[in-house]
Each structure stands twice: as C-alpha cells, then as structure tokens.
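Okay, so chain A shows up in both of these, paired with chain B first and chain C after.
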Partner chain A sequence: MPRNNLVAAIDIGTTKTVVLIGEIQADRKLNIIGLGERPSAGLRKGEILDMSAAKEVVHAAFADAEKTAGLHGKVRHAYLSLTGSHLEGRRYVGSTSVAATRVSREDIERAKNDAKRRKTADDRFVVHYVRQPFFLDGKPLANAENMVGKRLEVSYWTIDAARNRLEELLHIPNDMGVHADDLVVSSLASAAMVADDTMKRNGVLVVDIGGGVTDYALYYNGYVVQTGVIPVGGDHITNDLALGLRISREEAESIKIKFARAYIGADDEHATVFVSNAGSPIGGREFYKRSINLIVSARVDEIFQIIRERLGRFGEGDRVAAGAIITGGTALLNGLDLCAANALKLETVVGQNPDWVTEELSGPKYSTALGLLQYALGAGDGARRMPGAPAGIMGHIRKFLRL
Partner chain B sequence: MLNQNRDSADTPADHWKNRLEQRTKRLPSSSDFTAKPGTAGSRRLWGARLRLALLASFFAGVMAIAAFAWRDLASEAARPVVAQERIAFKSDGVLSERWVRETLASEDGMPPVFDIKRRLESVAQVRSAEVRRMPDGTLEIRLYERRPVMRTVVRLPDGTTAPRLIAADGVIFDGINIGQLTFANLPVLDGLRHPPRAEANFDVIDGFSRVADFLDMAREKYPAIYRDWLKVSLRDYPGRPDAPGALFRVKPRLMAHSPDSAAIVEIVFSPTNFARELEGLARPEMAETIRQYMRAVDRSKFPAYRLDLSLVNWTDPRNPVPQLHLIPVSVPARQP
Partner chain C sequence: MSEQLPESPDAEAFPDSLDPVNADAPESVNSDDPQSVNADSPAPAIPELPDEPDAPEAPRQGGMPATRVKIIGVGGGGVNSVEGLMSGGLLSAETVMNAEFAAVNTDAQALETSPVPERLVIGRAQTRGLGAGGEAERGRAAAEADRAAIDALVSGVDLVVLLVALGGGTGSGAAPVIAKAAAESGAMVISFVTLPFSWEGDRRTRQAHEAIDRLRAECEAVIPMHNDMLLQGEGADAPVEAAFNRANAWVCSGLNALCGMLFKRGLINIDFATLRSALPVRGGRTLFSVASAEGDDRFRLVLERLMDCPLLYTKDAVRTADTLVVNIVGGAGLSLARVNEILSAVKGRFGGRENTVLGAVIDDSHSDFVEVCVLGSAGIARKINAPRPRRPSAELRSAPKTEDPEGSIGETDILAAEESAAASEVDPAKLAVVAEGDAQKGAKPRAGAPAQTEIAFDEPGDFFADSHTRIDGQDIDLPTFLRRHIRIRL
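Right, the complex of A and B next:
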C-alpha cells in the first residue's frame, strides 16, 4: 500500500493512454480523483517502439490527471497495465503428500512452492501467478486447509513476459519519479471490472479489443484458466478500410466510428454513406455500406476465430455458460457482439463497468484503468462488490466526475 | 484473481519484482530552491523592485494616453446611421437591398458606417463592397459578388449536410438568393484532398483559380461538352497545376451525348494543357473516333471506359485530334 494512499492507474494502449488517480482511504474505500487521457504515440501492437514519444504522452496524461486531481508531484506509486504478444501463459501443477491426516498450512505452502519451482528463461520474468483450485485426492477445493486427504495438488496459471519489454515499460513511470507497484495483464484488469463473481463461477470469456492487440481471459469455476494476446486490434480494421476503400487513415477511422458494422445486414445492399474529404467538412464521397461492412466484418471475424481456436475445448458453450464479454475501445463498434456471438458460438455482450462508475468512465475503454485501481485497492475480483460498500465511494466518485 | 496473485510474494525467484530494479528518478522538491539572500542580495532585490515599479508606471501612462486618443477617434467615426435612411444600392450579382438592410439591421438601427463595409465583406458571397455617405445623407452601397463555378456539400456541426457554392477564387459560400436551377447546373466538386484553409471567417480552397479557368473555358467555349459534366474530381490535383501527376477528372452525366459516349464514365484532363484537350474533344472527328472504337470493342466485357486526354499524343503532336486513350475500368466511376 502506498504510504500517502495516492495511486495512479496507467493504461498505456496502442491508440490511447489513460491515467486515473485514486485515493485509497483507511477503510479501504476507493476515491477516484483524477483522469488524464491522451492519444498514444510510439507504440505498435502494445509494445514500445519509440521510447521518447511514448514517454512524452504518458507523462502528459499523468500531468493531466494530477492537474484534475489538484495535485502536482504528489502521486508516487502506480499500477501499470501490461499487454503485447511477448506475454505467454502456462499452467504449472505442484503436488505434495499430506504429512498428517489433515492438510496443514505447511502442506499447502509445499504444494504451492512445488508448482512455482519451474524456472523461466533468463530473458523472461513472471508477471502473474494466478492460483487455480486445490485438488485433494482428486477433489477440487477452494481452500484445502484442515481437510482430510493424502495427496494435495495445486496449479497456477503463470504469465511471463520478456525482460526487455518490462524494463522499457517500467522506465516510463520511473523517469517521472513514480514507482510501479505492480504490473497487471490488461485482460485481467478489464475482467475485474466487467465480469462479476457469478459470471466467473459459471465460466466467462473476457475479450479486451484495443487498438493494436486483443487480450482475452477465460474464467471457469471462478478461476482464470487461460489468458492470451492476439496482435490484431481496432487499428487493423481502420487499416483494412483505408486500403479497401482507398482513403486516408483518418477518413477510414471516421467511417469505422460513424458507419461501420461488424456484420452485413440486408439493408446494406444499396445503402450509401456520405464521407467528408480529408477530415474537412467541404466536399465528400459516397461509399456503399456493404463494402464497408464486408471489410470490417472479415477482420473482426478473424479475431474471434483465432480466439476460438486458441481456447479449443475450453471455449465450448457448456464450459462458458456466462458467455463472452467484449470490452476495450473497439467494443463500441456497431454489431461487434453479434459478430462475436456468431464466431465464438457463445452468448456475447459488450461489457459495462459497474454502476457505481459514473457515466464519464462507464465506457469499455476505461475498464482496464479502473481494473488497475481495483487491484491497487486489493479487491481485485471483488470489484462488483463495491456497490454494497458504504455509499461514500459513490459520492466521492460522482463528486469528482461532476466537476 | 488478485488474492491468488498475492502468492507471488512467496516466490521471489522468477517474479519481475525480485529481478528488476526500479530506478525511480528523484524529482526536485520545492525545498531545493529555497535560499536566504544576504545583505547585498537584499539591496539588489529592492533596486530591482524599484526599477520594475518605475517601468510599470511608464507603461500605464502610455496606455492611458493611447486609450484617450482612440476614444476620441472612435467617436468621430461611429456616427450611427438611421435604419430608415435612404440607401442607393447596386450589385453586380443577385444580392438585394432588402438583404443588405437585414444584414445590417441591429437593435439600435444601422451600425456605424465604418462597420458596414466590414460587415458586408464578412459575408463570403461578397467579394468587395463600396460604401459612401452622400451629402444628402443617402448611403451609397455597391457590391461586387463572387460568381459560383462549382457546387459542393458541407457537413454542418449538427451532422446534417447542406449545399454550398465555390467561387472562382476558391471561396466557399452559401449562395444567398441563388436559384435551385443555378445550383443544379453547376458541376459538383469531388475528391478534395486537402482541407480548405480558413481566411476572414470563410473557407478557401488553395489553387482553385486553375480549376475555375478550366471550367470557365469549358462553359464559354464548349457549352455542349460542359453541359454534360456532373462532377469534377480534384483527388489528383494538389493545388498546383505543375505538380507531378496533377489531373482534373471529370465524370459526365449518365447518357451523355450518345450511347457510345455514355460508356465513358470519366474524362481526364491535364491542368496545364486543358485548352488543347478541350479543343480536341470538341472536334467532330473525336466523336466519330469514339463511336468507331466503341463498336469495335467487346462492350459486354468492358462496359465502362476512361478517356484520358492528358496523355501526350506521341505519334503526331501536331495533330489537333489527340490520339484516343480509352482505358477500360472495371468498376463504373459514377453511380446512378
């Protein structure tokens, strides 16, 4: 816990950087007091290509957030989101014999250490050890302590990352005098906001489609069973539109936001849309909606087909009863949920942040940053329990957002 | 899950926190800059304050004198004219005296006479305005208006679209008092690559005078050809006629001329040589050449063609009829 109780959530995405500043009070309430948002620079597919440009943007967003919070140079601790195709996830199982009749704390620690004893490569560091349920003589248990059995097993979903990428990422907050308290994989941070405990128990897939990459996390029986990153995101849709319609990226982005749909409808055949030239309100061109939607749906379908293939049998409907939740900036693309439902063969919805988050931060593009604050609060998956907390939290947040 | 992640503290070996050292930059605090000036420093400080006060007093005096002089001048110039005052109005365009009165009307009658010229010229359709007060008190207003050469569509801040006209100097204006028929007969601007620059509260398209010359020549010398033009695309015109690859692309209306020439969905002109190209296109031999060509080719395979007049006639540059460059296009460039 930071000494001064001020903590920043820094979500550095390919297209935008969001910084939230939270004040963690003594009774473990979260008060969001600052917001900074800037278009990112120097990143591609979630990884830093130009350190100076990336640093400049993050520092500016951080300064904006501090300014909104009425603080300057007071926030010295941060939680950072982590994404990119360098992230890899594996499942490691550890086991031990129970020393006495009942499982003791020592037995549990021994099993845990056995699962974590695998060494990663020298150029890779572990970012998350996400524990899965205990198995005592083959029986799944949430807590094995004092249970009777002979053989205890525990597994971890372990996410590791490339050393260079981590060093580059840490350099950004460190260079402005901010200590990174933890790094959280984007999909897990987003899931903390958009999926509640019931969904995770029933099995839910959280897909965070950002500008450059798509992160996903699969929960089953309340535990993370798989995570992954696909180096395809919303920017690829823009790029496809620019190439397919022979227009500039700016025009393509505008079409994507205003007119594009992730499936082809019956009314698209002869419908056209008017698009202003070069971002100017003067003059313009008409495009067939069918052409636009054909390009967009092909790319979106590809993203979900890759996820489905990677999940394999874990992604089948009976294991993912709560369906899929789409979040991230691209989640706002019209018809994305229908396209995802068709490709994943799962009930799909666009994620909504909990209702204690006021309208300004309710969009899916803020899920990751809000999730980071939840991690900072130490509540993690308990994010959905916030409304049950005393009404003071809502009051503070609303007070800030209605400046 | 977060509580499970906290297990990482028990596993120091491979976790990033235990293998990566963070070198947090030390930022200067306000205490780093506090200093206690000595006696000499204190004296210098007071001297500087005195000089600053004298300088501020001097500037305040200058500003007061300037404000007084300006108020005197302004009171001379700002003699308001009465709303009912007679106006002698002339215009070389379509704007009327009524429009002038409405434009100049304000709660206190007409604005000061110096403002009238500025306010009239702030309307994009007005190229220049001459405003005089005659000895008998009549206000003489003469307007020189911009003439439209093309039309376009703009997107308004509320998301709706509205038609606009473009003058020969590239200024975009509303087209006050200009009839629907005039709008309809003008070719449509298409494919503008660069956003217009703002000048005196209205938008101007750079390098448009060459486009206006092209359209004026077509309208005045070759009205039969010009009448069939629906759109002129500036997609390949960066604003300079001598820019590499600069072209004017014209899309004719459906069923232009004859069934043969109707297959031509685009005519390409060079911004530097369009006079000769228009002349060649207007020759009767050209129409006959197109007709023969169209009958010779398999129209079922390629139903649409682009006529590129910008390509130089290498075979015989002296021949006034350019060599025919009809290029099949797979997708028709125009829409019904």
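Right, the complex of A and C next:
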C-alpha cells in the first residue's frame, strides 16, 4: 500500500508555512517528494489570530507540495508542528513500590500511570509525555525491567497546550480532508534534525528561532530535560530596528537580512550603510552599523538570557557538553552564534540538517518540517507511530475535541 | 478663526469673534463676491493667475488681502530650482495660483533667458553682470549694492521662500542679504538650501556652511539638503542632475504643504498669522518632514514615512522640535478622529511642546490619499516668550491663541481645545464625512465655543501599541534597546 505511506509535514510558522511530503517505504526509508512554502498570514507569535487567512495559506502551501510531488489530492495524513506561548512544560514524577524483588512490567505501568495521573485544567490538554529515565532506588536506568530494587520512579516532561489553540490548529488539516496523525512540539521536531543521539547523551540545547517565537529543548543523558517557548523571534528584531531607526518594517527587514549582526564589532564605530527609501522615488538614508548592531544584539542577547534563566542549573556548561545548536529562520542572522554563546555561556553553533537532506532543504528554516517527517518515520523522541495508526495522544485529542 | 474660514451658518455663532478682519469687513465675508469661498458650493473654481504678480493687495478669498507668498531663487542653482519647480508639474494648484516666482542672480545672461516672471540682476556695477565668480564675498557685495531693489522685491510679501544652492558665490553671498531684507520688511522667511557635494571641495563646503549660519540668523526656518545624501540612493553612476531633481521634489512637497495650509479650504485652517506663531523666532534649528501614502494602510504608512524622511537625518537636522506646524491633507476618509490620531502620533515623535499648530484639509479629488507635512523649530524654547516685533498688518490678522500671556500652553484643557477647535474650524459641508466615518465628539458645531486656531496636546502618541507579553515584569514586545536604555545614534 505505497500510497498510504504518504505523509505531509505541516510547519505553520509566524512568518512562513512549510509543507513537505514524504514517502515512507518499508517503515524505515523516507523520501521527500514534495515541498510547498508560502509566507504565512494571520499568525502572531506562533498563534493563529485570523483563522481563514492562516488556513488559506496552509492549504495553498499544501497544494503546492502535492503538485511538486505530482500527487494532487493523494496525501491524506499529516504531522503538524506545535508552538506558541500557550504551551507549558513541567516535570511530573510517578513512583511505586516494586511488588516482587525484580521490576515487572506491571510495576513500570503503575509508576508511569502515577506520573500521568495529574489532571490538567479543563481548558488544557497534554500533547506530549516525554519520558525521562527510570530511577530504581535513586539509580538512573534506561530500562528498569527485571532489575532488582524496592522503589521505582519514573518522570515525564509533560507539555500541555491550550485546548482552543489545539482545536484551531487541527481544524486546518481537517478542513482540507487531511488527517492529523500527530502534533509535535517544534523544538522537539527541530532537535530531531540538528542534534544526533551522541549530542543528546552528552547534553545539548537546541534553540529554534523563528519569526514569531523561539522554541528550545534541552537534552541530557539522551532524554528531554526541558522544553519551552519564548514568544519572541526574528520579527521582534525587525520591529526593534524599525522603531530604533525610524524606518518602515520592510526596510528594517531588509537591513536585518543585509547588514545586521548580533554583536558589536570594532569596525562598527564609524561605519555606515546606505539604504534607499522603499516606495519613494526620493531620498534614502545612512545608518550607523553600530546603531543597527546595538539594536539587534540587545534583542538577541535578551532571548538567550531568558533561556539561560529558565534552564537554571540544567543549562550549566558541564551538563550541556555538546553545547547549543541554533536553528530556525533567524539562525541565519549574522553573528547570532557568537551572541548566543556569550549569553548562554555555552559553545554554540548554527545547526546543520543531516547530510541526506537535499541542498534545497538544507537551510535551518526547514529543520522543524524535516523533523516532523522524522517523527512520522518513527525515529523521533516519542513513541513510534506510523501514518494512520490509531490511538496515541492524537486519538485522545480527537475524542476530547470531538473532531 | 482664520481668513480662510468659509462663509457658513456657524460664522454667526461667533458674533463676538475676535477675528479683527471679520470685524472690520463683515460685508466682504458675507458678500456675493464670486471668489469668496462658499461652504455649500462645490470646490471653488480655480481663480486665474493674477496678471500682476506683485500686486500687493490683490483681493482673493473672502475679499481680504491675501497672504502673499514669494518663491525666490537666488544664484544659478537657486534660479534653476525655481525654473524646475515652474515647469516640473509637481507643484499643487494652490501653490501655482497663490505663489509668486522670482529669480535673483549676478549673471545677467543667465537671467535673460529665464522663464521666471520676476527677475532681478544684482551687482551689475561690481560684476558687470558676469556672475560672482564663486566668491561669496562678491555675491554679498552685489546684493548689498542693490539692496534697494531687493527691498522692493520683498516688500509687502508675507512669506518669502528662498531656494538656494549653497557653495557658489551668489547663492552663498546674496541669499543671507535677501533673507535679511525680507525679515526687516516683516516677512517670514523660509529657506530651502542644498549643500554642495563633498567632491566639490572644502572651499565650497566652508562657504556653504558660513552661508547657512548667516541664513539661520535671518530665517524662521532653514531646511538643508545635502547633495551627497540626495544622490546616494541613485547608485554610483547617477548624473548630478539626479540630486538636483530630488532636491526639487522635496522643495515641491514642502511648498505644496505650506501653500496648502494657507490657501486650501480646510477642515482645520491655518492662516498666515497662525503659521507664523508656530515659528515665532529666527535662528532656531529647523525640523522638516513630509510624507504621503495611499491605500487602505495609508494612515499607518504615512506616519512611518514621515519618520523616514531623509531630511530628518542630515548631519545638522533636529529630530524633535519645540514648536511644530503639522499639516494634513487627506481624501474624504480623513475624519477628525484620524486627524487627532495623526497629530498625537506626530507630536509623540517630534515634540512640539511649546506650540503646535494644526492644519487639516480634505481633498476630494484623492479619496484614499493622505499627506502629512511637519515643520518645526528647535532650540528656541527660551526665546518663545519674547517673540520679535511683527509688522502691524501681521498683527492685525493674528488669530487669538489658547496660550495665556506667559505662554504656558500646558494648562489648556486638552479636550476643550480639541472640541472647540473642531467646533470653530470644521467646515459644515464636510461634517457629513466626519459623521459617517466616526462618531466623533466635536463633530457637531457648538455655539459659544471660543474661537481658536491652535490646538495643544500633551499626550505623546503611541501608535505602535500592540498586545504585549510580559516576562519577569518586562514588556517583552518593547524593543530591548529601549528597556536597557541603549542610546541609538541616527
């Protein structure tokens, strides 16, 4: 049933929407056969403000992707990325006494259920339970089954979302007859692309800076330790430039792309750049590079300072040996890695998508969509699920939302 | 009240109007003079160009002596500029109809073929009509020698606009003399000047800067345009004329805004005395910006572009002013609410705490168009309370002000000022438009409100308001550099 193994990755960002179509063969092989990319509409800070505008763009990007794949109307399953400041992550610990001397499957189930027992508020819904290691009598274990001990603990990094936001998001594929197989938090999807297992074992921070929001995920010992969303992204840099330099957003965006750098260089002091007036036949202006870079570096520094503060002791260098990896559209900002390294006190690089990704999709702005396909293939951090597979969290969500 | 106030029912709502001209000549206001502006009639027929450009008291709108505006090009570049304006098609009908054009040069031959109606060769005795040879001193001597002719040229003119390309001899030397003559005759003087390209050499640059300092001392406003800056947007191989054309485009916008304020029938009119009250002293630094926008997003765009105006960012321009003249021209969608929104945004960005004068005009011919012009003066706050003496005619037409004798505008009740201004200044013919657009307070004319033409607002505008996210007590959507108090040099 080759056609049934077609799956779309839909990454609805604040500034752009990316749809990839993947063909999954023999459960293990992924071919990317379609790409649709459109500037987003109707979103701010990762959340939908204007449903019909957002939907129109996603549907158009989806149609583009189907067209490039030569599969008009054939793709019926999708993975969606999830972001926005309505997402909340926290760690829940469950525990149980081991019934016999060795840990049984029942013990493990009991501990897991204990960790998941907490009720969320009526307007919230858990989208991810990301399991962290077992602790048997305080000793961390990847797999506790058949090990000897008395007290078994298991913790989950639990991410819940606002029910309304979820519902809005799910209406988008639903309204074009596409089944949402799963939702994956953007930071986890991106991390699946830019960080490998070794990095995750050694400790790595993945930061995805998009247009409207910054998603981050911290891994340690191969597990997700923490995730988060900061409702600040590249658009804020543009806005700051527009306000600081008293220019239009369009000009600010152009300055950001062409000239901005996220740190102050020695040569910035008296250097200037000239920008002609957009939309006006007369004039144009000169700007000090230092002014541009002061504005940009202040904002970028702040984003990473907020992340550092939220990570607390988990973000300290000895626990994050593989350093920080930046991805997302704003990762291309000149000097971002230096500014981030300085704020986070971690070694920082701009992430690379894996080698198997074609040149066309190698840019950091595709990390999330590619990561979604990786999840669809079943190699992500969560439970493995094939397109069309029932149950899982999506089954609950669907029931919950009566979709 | 202003001399442009159209004949309208609410003219009678102010029997004790302080407008001295109305008091002196009520018949002329209500006369059947075909040139008087009638609120009930469609847009007034375009009056013909006066045959005598320097007829001092040519009766125009409302049968009152009209404000006389004379645009004088000084020196080769300045005369070219006037010629460019006259033939360029960028000037508005109000400007062409109401302004007089003149040219002053030491080069007799250049003037001979000029299409400018009023031409004056200065310094024939000194230069034999051969020009000033790039020497400002010679240009000045030429102007001093023909001071009587210059006095005659500016006599009776209310607003003298000088166009000068600084750096050369005549422009740099004669322009300050002409400005002085005009100022002494009681005129308000505004100069648009271009500064030489840097490759023209130190001497011309120095000459230009000396001239600009002299001009500032004599002018209410000096708007400098750097040729380097004007050309920078053009690419490396742009012809020098490109800078000239750009400079002229700015001058046109500025002149159109000034003449639009004074001569176009408006939602809120500015008469000459009011304009003058906003630029009360000479020698200040000038803020000047003009921008226009079309389309649904025009009210946001025009404010953005106003902040973009390159004339704000020249080396010696100021970015906030003590006094401001704000003129807004818009299509039928320009409601009082919009006018207030624009005004508070403009004040938020440019200042104008000492005195802000607002003009607003509805131009029915462009429905989704808006143009905003801001002219301000900075570094004069302490001088404001001692304005220089005005000649009697200007005093006679001076409109009553909201400020008390000490000039402390801050005590004016903002809402009262807003409402009464609306009541006294709104053209009833346009009220339908206002009422349709927004349910706006002040849309109804109110009897008994004091007549006034100045509006004082103290609240800085914040048109970047958005829905904000707080992190650790900080409004994260505000630029970080602002919250961290990082100074950004422009």
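One rule holds for everything that comes next: the second predicted complex is superposed on the first by the 370 of 403 C-alpha atoms of A that agree within 3 Å, B and C clash if a C-alpha of one lies under 4 Å from a C-alpha of the other, contacts with A are read in each partner's own complex, and residues count from 1 in each chain.
Here is the rule we go by: contacts are C-beta pairs under 8 Å (C-beta built on N, C-alpha and C of every residue); 3 or more make two chains touch, one makes a residue touch a chain.
What you see is a predicted model; the values in this text were computed from it and never measured.
After alignment on the shared chain A, the placement of chain B and chain C results in a clash. Residue contacts after overlaying the shared chain place A:274 against chain B and chain C alike.
By the document's definition of touching, neither partner reaches A:363: not chain B, not chain C.
In the overlay built on the shared chain, the residue A:335 is in contact with neither chain B nor chain C.
Of the two partner chains placed around the shared chain by superposition, chain B is the only one that A:183 touches, whereas chain C remains out of contact.
After overlaying the two complexes on the shared chain, residue contacts for A:286 are found with chain B and with chain C alike.
Chain A is touched at more residues by one of its partners, and among chain B and chain C that partner is B. Of the two partner chains, neither chain B nor chain C is touched by A:354.
Within the superposed three-chain model, A:112 lies in touch with chain B and out of touch with chain C [touch as defined at top].
Within the superposed three-chain model, A:239 lies in touch with chain C and out of touch with chain B [touch as defined at top]. In the overlay built on chain A, none of the stretches 6-14, 114-122 or 186-194 of chain C clash with chain B except 186-194.
When the two complexes are laid over each other on chain A, chain A has residues 274, 276-277, 279-286 in contact with both chain B and chain C. Taken together, the chain C residues at the contact with chain A in this complex read 229-230, 232-233, 246, 249-250, 301, 304-305, 307-313, 349, 464, 467, 469, 471-472, 476-477, 479-482, 484, 486, 488-490.
Put simply, chain A touches chain B in their complex at residues 73, 76, 109, 112-113, 116, 119-120, 125-131, 156, 160-161, 163, 166-167, 170, 173-180, 182-183, 192, 222-224, 272, 274, 276-286, 374-375, 378-382.
Chain A meets chain C in the complex at residues 44-45, 85, 230-232, 236, 239-240, 242-249, 251, 274, 276-277, 279-288, 290-291, 294-295, 298-299, 301-302, 306, 309. Looking at the complex, you find that chain B touches chain A at residues 1-5, 7-8, 10-11, 13-17, 19-20, 22-27, 29, 152-156, 161, 164, 172, 189-196, 203, 205, 335.
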